[in-house]
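Same chain, two partners: chain A is paired with chain B first, then with chain C.
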Partner chain A sequence: MLSKIVRTTANQLIVFILIFGLYVIAHGQLTPGGGFQGGAVIVSGVVMLLVAFNAKELKKSLRESGLSIMESTGALIFAALAFAGIATTFFYNVLVGTPIFGHVPPTGANPGDVWTGGVVPLMNWAVGIKVVAGLSAVVLAMALFSSGEEMEE
Partner chain B sequence: MRKVVGLILLLVLVGFLVWGVVALIHPFGYPSPSEMDDYIIDNAQAETSNNNVVASVVFDYRGFDTLGEATILFTAVTGVLLLLRTAKRKEDES
Partner chain C sequence: MASLLAQAPILIIAIPLVAAFLTPLIGMRGDKARKALVVGSLAFTAFLVFALARDISITGIRVYTLGATAPGLTEPTGFMFPVRIILEVDGMSIFFGIIWAIVSLAAAIYSFSHIASETGQIRFFTLLLLMVAGGFGMMLTGDLFNLFVFLEIASIAGGALIGFRNRFGDTQEGAFKYIVVSAVAGLMVLLGTGILYAQYNSLNMAFLAQAIQYTTLDKIALALFLIAFAMKTGMVPLHLWFPDAYSVAPASITGMLVITSHACMYAAFRVCFTLYGGVIDGLVVGWIIIILGLLTMFVGVTMAVYQKDVMRFMSYHAISQLGYMWVGVGVGLAVLGTPALLAYGRDAMTGGIFHILNHAMYKPLLFFTGGALFYYTGTRDLAKMGGLAHKMKWTTVLYIIGTLSISGIPPLNGFSSKILIYESVFRFNPILTIVGIIVSILTLASFTKAFHSAFMGAELPEYKGGKEVPKSMIIGMVILAAGIVLITLFPSLIVSWALHPAADALIDHGAYINAVMGAVP
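Now for the complex of A and B:
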């Protein structure tokens, strides 16, 4: 565990890192970024907490079983969305034209609309959940392994 | 004997790869075919309703590739957790 200054700064900073990561995931169909990138941003916040506090403290709030369930859920949602368009082809965008994320933007430069993208925003969320849970589990397992702590079953 | 056969097989493989690189590589200075790029740039917004054309390629046109990417991540996480988990088993404690 590092000094009180580092811990306080990390406590304040994690909010902004989480907000930025969620923004990158949520606007994957409009701006550069997406599920992988936003998930990596959030995991960088988790790593910051892991450095500021130690793995034993973080183990109280993040458990490996929960992270495993989150990662599997993300993967299943992604595969299910891919199979949703199986009537036409695998990975067909079924939601284009529907009210849910289906607004079609004009071709060329336009201001952008959050309700566009079809299944792409939902896939971004699925992949984001998967990346956050998976990489957090990896980092936590490595930290616990090197510090000799025991992980919760 | 096995060493000689292995050496010959290695030379054949290396020669095949070098031939592939030399003979089949794109000629220097000529632009690569761009029909696919033009199609995606022109039609991505209408077909997938995405402003971010890269996201539409990653999750729609080439979604199968992203599925493989997600599988790689899943496999990596599974391997790390299998190797590095330090939890004690229940029957060891009792």
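Now for the complex of A and C:
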């Protein structure tokens, strides 16, 4: 565990890292980034907490079974969105033209319309959930093993 | 049923994938729910594979465009080239799909008892299903980048499964070697794909096959593909990792790894015959494959003869048997486009592909019996075993079936495919047949030795108290043995139903292009 100054700063900073990560996920269809990149940004916040506090402390709030469920759920949401178009073809974009993320994107210089992309932004969220859970589990496991601890089975 | 069949190509990949991610959620409800999910999803996938195979034999090559307004709409309206990811299933793809469906089902059932005493079973079955999805993806896809992605999925899942029993040190070593080899092979495939993409602006195999020029860059890409896939199949001289990885994995996974190496072999054939089908210098590439195939046969079997570790011994035989397939199909490639193709080239290819089918049945069966020996005795050392036939009656019988089949003893299926290779290859070059027969004799000799040291003789005192292995392991082995018996009884039917369509699909690369690009004006 690092000093009180580091811990307090980390506690404040995690909010901003979370906001930036969620922004990158939410604007995946408009700007560079997306589910994986945004998820990785959020996990970098988890790594910061791992350094500021220690793995044992973090294990209390990040449980392996919870992360495993979260990861599977993300993957299943992604697959479900792909299956949503199965009446036409797999991965068919069913939401195009509907009020939910169904706008036609404007051309030329514009501030960007979040309500575009159909199922793509939703898939970004699904991937984001999966990456946050999966990468957190990986870094947590590595930190625990290197400090001689075990993850629960 | 009709709409299910229309979506079958993607469902075959998607169902194991979804089941893999459902396993951690459903697995918490207990053993029975997890087993039902694994077997149910794999059995349904197998059903879809057989239904699709029947459909393809009637209506020809099937394309499936992901995300399009209709599965058959390969080129978006107003475009002259394919944009989306396309799955393309022809006789060759579905032939490998059938093998993979049968072996993965048998391996999953076998695993239930084989790893019953291990921890982390939920992860085991998640990875197993991911590996199944990766294998099917490699076989059914018509997109080069997709091929790379599925190759990586199958490799990473396979690597993690090899190291699954992490209380042993050697499993970690084997898994590490497998992951390194897979990563290198994967990157070589990616580099080759990049070279082609940079020149022709497409990743679709049918489009590339039509546009390819056989420039120097294309030749480099071909070499990268072939070396990568040969490395993954354990072709000599790139076989050194192979026994280390195969001998330490749980036996069910070893059986599946055999088929993933066949999937890489499928990818190599696809690249040679379809992607480069119109332009390849068949004689040169064919001879390279034949010579390396002969080396693979010979080195594999001579290394196997003196092995004491039962799984290692069988791994070297797997290498040796893969050589037969390379030689058979290599001869077909060497005479591609010449009159000799019809005279004996097609038969040589049919023999090579037939040997893939046979090998996919008897090699996992032999690995499963090796796993049963390990389960019973707790050791893989043949010198420490003996007299096991007294207690393991089922395993003994199944081992005998596998042994006779791999050695090519008539009338078993191994004989049918070997005689097909010998007769056709003899007309190409008699030396190939002579080497093949010598290797076959050495195979029989070494398997007889292994049989004698493991099963024959008086009962050893330390193995007196044991019982035959559990039912689910026997069911897994019996599924594969039943496959062997079926092929043994009806070899000519198998040849005309499954093998000739598969060989013709490789030869006729024009049909593969037309299915995506439309008839060339």
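Keep in mind that, in the parts below, the second predicted complex is superposed on the first by the 145 of 153 C-alpha atoms of A that agree within 3 Å, B and C clash if a C-alpha of one lies under 4 Å from a C-alpha of the other, contacts with A are read in each partner's own complex, and residues count from 1 in each chain.
Basically, a residue touches a chain if its C-beta (ideal position, glycine included) is under 8 Å from a C-beta of that chain, and two chains touch if they have at least 3 such contacts.
Note that the structure is a prediction, hence the values are computed from the model and not measured.
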Looking at the overlay, what does A:G34 touch: chain B (first), chain C (second), both, or neither?
first
After lining up the shared chain so the two structures overlap, which partner does A:A82 touch, if you call chain B first and chain C second: first, second, both or neither?
both
Touch check for A:V114: first (chain B), second (chain C), both, or neither?
neither
Can A:M1 be said to touch chain B (first), chain C (second), both, or neither?
neither
First (chain B), second (chain C), both or neither: which does A:I69 touch?
second
Tell me which partner A:I100 touches in the superposition: chain B (first), chain C (second), both or neither.
neither
Quick one: is A:F90 in contact with chain B, with chain C, with both, or with neither? Answer first, second, both or neither.
both
For chain A, which side has the bigger count of touched residues, chain B or chain C?
B
Applying the touch criterion given at the start, work out whether A:I19 contacts chain B, chain C, both or neither, answering first, second, both or neither.
neither
Considering each complex separately, which residues of chain A are in contact with chain B in the first and with chain C in the second?
68, 71, 75, 79, 82, 90-91, 93, 153
For the complex, give me every residue of chain B touching chain A.
42, 45-52, 54-56, 58-60, 63-64, 66-67, 69-70, 73-74, 76-77, 80-81, 84-88, 90
For chain C, which residues count as touching chain A in their complex?
7, 10, 14, 17-18, 21-25, 64-71, 119-120
Please name which positions on chain A make contact with chain B in the complex.
28-32, 34, 36, 64, 68, 71, 75, 78-79, 82, 90-91, 93, 96-97, 101-108, 110, 112-113, 116-120, 123-124, 127, 130-131, 134-135, 137-138, 141-142, 144-145, 148-153
Taking the complex as given, what residues does chain A use to touch chain C?
68-69, 71-73, 75-76, 79, 82-83, 85-86, 88-93, 153
